[in-house]
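Each structure below is given as structure tokens.
Heads up, the next two complexes both have subunit A, just with different partners, subunit B and then subunit C.
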Partner chain A sequence: MRKSLFRILSVGPIPNHIAFILDGNRRYAKKRNLNEGMGYRAGFLSLMTLCKYCCELGVKYVTIYAFSIDNFKRKPHEVDAVMDLMLEKIQGMLKEESIVSQYGVRVYFIGNLELLNEHVRQAAVKAMEATSNNDKIVLLICVAYTSTDEIVHAARESCEAKRARVRSSGAREGNEEELKVVDIERHMYMGVAPDPDILVRTSGETRLSNFLLWQTSNCVLYSPRALWPEIGLRHLVWAVLNYQRVFPLLERRRKQM
Partner chain B sequence: MPNHVAVIMDGNRRWAGSRNFPIVFGYEAGFRAFKRLIELACNWGIGTLTVFAFSSENWCRPKAETDLLMGLFERILRFELEHFMRENIRISLIGDATKLPKQLQSLLVDAVEATQNNSRLHLIVAANYSGRSDVVQACRKIAFKVKDGLIDPNDINEYLVERELETSCTDFPHPDLLIRTSGELRMSNFLLWQLAYTELYFTNALWPDFGESEFLEALCSFQQRQRRYGGNL
Partner chain C sequence: MALNCSNNSRFLSGFGVRVFPQPGKLEFDFARLIMFLRWLEATILDFGDEMHKVYMWIWSSGDLGLRLLWHILHLILSTWYFIIGLMGSVESFLISSGLFKRYRDLDISKVQYLAVAIDSDEALQTLKVLELLRWLEAIGLRKVCLYDTAGVLKKSKEALTLLLKNERMSSETASDPLVEEKCLSLEVISFSDGKQAVAKAADVLLKKHYLSSNTEKPKLTESDMTDALGAIGYREPDPDLMLIYGPARCHMGFPAWRIRYTEILHMGPLKSMKIGALIKAIHRYTMVHQNYGT
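Entry: the complex of A and B
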């Protein structure tokens, strides 16, 4: 049934890149009288299901806001629980029977990874290496990420790169060209993917929470009321239909630019 | 109550189109809605109001239309400056004014200077503004400081970037609430960095139809939001 639905959707343009803010895991746990950890686990199952659907639909990039730098402000035991779960799931990705392997998912961890503990960071690096040859769909996991931190990092790297170029070429600094958009974009963590076409935030909150501010300047926004663990096929279909509705206008704008 | 409200005044052309009016009627009706908004902001104690008057992407529209808009902006500034002075409204401009017609540029400069000490409402007009360009020009200024040895690349932080953004004309550059009319669910490159934690409110009403009841709905929606900034409640 899903195959036929996706075939119908494919008559129109399919978004190349969908980004998700996975909001509502804790509220879901509270609603079901579960502990918070179970909320995050339920959220992880939803993530795997969504990735599967996106892959089947022909979406090439999926980005998720797994953990913001701001989330480090939460209670220590909560942060630890999320980090432990992340470590468990990242290690799970490396197994052959995981969805990542079965569906050919290439994984990137996007963010200021130095802020993560050693175990999680190492596991993340390993997972990126292990999946680097997968080519069916790319999953970008934003962890220890905020958009403003990403921009600052890109600015720093651009300045360092300019300095290094000047030193190595022996040219006078005065001959250097001024900083351009491409300089910033080249050094963004998200430079490995095109800009998202759709940004979905679950749980009815309508704000960006410092996620992909640069990349979503012309992205279609969708904020369903469903909590993240409740997200399903119908939400994905609705998001794609909305995208298809405004696509002609967005294409015209892109061509004019 | 939100201290800083930002508005994307979208839907003027569709409003005119749906009534079979020429586009200029849509923009003039949009201006009347803009005046209503300023009055509402003053009455409801909003401290800062940022409006997206003209995006750098709008230059792609037909020349006749952009000329019309520029003419309308000039008329507004000529006739409304006195009103802004009386109402104690301060005007600031963000965006690349150099691409605007010379006469409009000089009217804007005069308006900004004349109102700089007003304090009831700070009206920030984004004309020929792009959020991405704002971030790039801020980073460029910082890059010059690095080149001149004033700062090290490792010193670059969010505070330094924010100080160089065009919205540093206000102490509250981050809108609490952003309203976009006409049902479009996009940011359209408006205020990129500054919108990190802004509550977004989208309404199907076209801009010329946006009045007190629509504004109150937006305020009510804002008051029901739970702003966590990534932390706990």
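Entry: the complex of A and C
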């Protein structure tokens, strides 16, 4: 049934890259009288389901906003719970029989990984190495990420690269060229993937909360009211149909930019 | 006795009251009900079979069949939006006629800075943009930022400001001291004030922290970037709310640095803009609660 639906959708343009803001896990736990940890676990199950659907549909890149730098402001026990869950799931990814191996998922961890604790950071690096040969679909997990931090990081790297060029060339001619947009974009964390085509934020909130602000110039925003653990096939199908509806306009705008 | 009972039944049934159905008659009705249900079931199953046959025919017709189904899906979507549009028009009309109390008592002070992003093709309708600005002024907004990708609004900025000023002058006496307070302060930006501005600010930081100092790894922070953007002329605050007028729900390249926590609402095409929808959007913003990550 799902495969038939995806076959029909494939008549029109399929988005290459979909981004998700996983909002509403805590509200879901409250609604169902569970503890918060269970809310995050339910959220993880939704994530796996949605990745599977995206893979079947033919989406090549999926980005998720797992943990923002702003989220470090939460109570320590909450932050620890999320970090522990993340460590557990990353270690799960490294196993042979995991979903990432089964579906050929290449994983990237995007963000200021220096802000994470040692165990999580090492596990993340290991997972990136272990999945580097997978080529079916790319999953970009944004942890310790904000868009403004990404921009500042990119600016810092561009400045350092420029200074190195000026010093190595010795003369003053390096100073004649100003830093350009391409220099900044070259050093963005999200440079490993094209710009997203659709950005889905669950629980009905309509703000981007410092996520992919630079990359969403031409991206369709979609805010279903469902909480993240409640997201399902119908939301994905609705998002893709809306994307297909405005695709000619987006293509025209992309060429103009 | 039996005669009396049957006389009573006839008397009461004359008033349309079904009384004590005869024993044999009950069984007969039950049997008819069962037959009717069976007929209904058979009809539904036949219908299901027919639909399945049509579906398999479409499927086996290959690409053509798939294309037909795809178009049907999109037709359903368009019909849905048409119905939503109609309901929206009715609601806007009711809101603008002051029917709902909550929209009459709008707390406009919550919207410190409003951004309006307009599709560049639609921004060419200067009179429509002027009408929108008039509405925003009437609702009570004082600081508005207009954005379009191609810079069309930058070209019409002077005309818009002049027309707004003229209207204000003609409607109020010149000696009214409150005229200046009621002015709508307008900022107009385009795509080049986004990514290119950040690149220019990075250049400022390069010259300040990297090329002229000997510090090996200067620690650039977000406030350094904000200061650099201010140094090249970008000092306006971040918008609280952004309204998008255009065919797609997309911020069209609005300066990334400024929309961290901005609520983004899609209002539809500019030509079908309604004041009721505008009031509803602003009211919806005033009800939102932000955690800022905590």
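Methods note: the second predicted complex is superposed on the first by the 251 of 257 C-alpha atoms of A that agree within 3 Å, B and C clash if a C-alpha of one lies under 4 Å from a C-alpha of the other, contacts with A are read in each partner's own complex, and residues count from 1 in each chain.
In this section, a residue touches a chain if its C-beta (ideal position, glycine included) is under 8 Å from a C-beta of that chain, and two chains touch if they have at least 3 such contacts.
Remember, it's a predicted structure, so these values are computed and weren't measured experimentally.
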| item | value |
| --- | --- |
| Clash or fit, subunit B versus subunit C on superposed subunit A | clash |
| Touching partner for A:Trp214 - first (subunit B), second (subunit C), both, neither | both |
| Touched partner set for A:Arg7, first subunit B, second subunit C, both or neither | second |
| Subunit B versus subunit C as contact partner of A:Asp84, first or second or both or neither | neither |
| Which of subunit B and subunit C A:Arg74 touches, first, second, both or neither | both |
| First, second, both or neither for A:Arg245, with subunit B first and subunit C second | second |
| Which superposed partner A:Ser158 touches (first subunit B, second subunit C, both, neither) | both |
| Touching both subunit C and subunit B, counted on subunit A across the two superposed complexes | 68-71, 73-74, 146-149, 151-152, 155-156, 158-160, 162-163, 178-181, 184, 205-210, 213-214, 216-222, 242, 246, 253, 256-257 |
| Complex contact set, residues of subunit C against subunit A | 59, 66-67, 69-70, 73-74, 77-78, 149-150, 191, 194-196, 198-203, 205-206, 209-211, 217-218, 220-222, 224-225, 247-253, 256-257, 259-266, 288, 290, 292-294 |
| Footprint of subunit C on subunit A - complex, ascending | 4, 7-9, 11-12, 68-71, 73-74, 146-149, 151-152, 155-156, 158-160, 162-163, 166, 175, 178-181, 183-184, 205-210, 213-214, 216-222, 241-242, 244-246, 249-250, 253, 256-257 |
| Interface residues, subunit A side, partner subunit B - complex | 68-71, 73-75, 78, 146-149, 151-152, 154-160, 162-163, 173, 176, 178-181, 184, 205-210, 213-214, 216-222, 242, 246, 253, 256-257 |
| Contact set on subunit B toward subunit A in their complex | 57, 60, 131-133, 135-136, 139-140, 142-144, 146-147, 153-154, 156-158, 161, 184-190, 192-193, 195-202, 225-226, 229-232 |
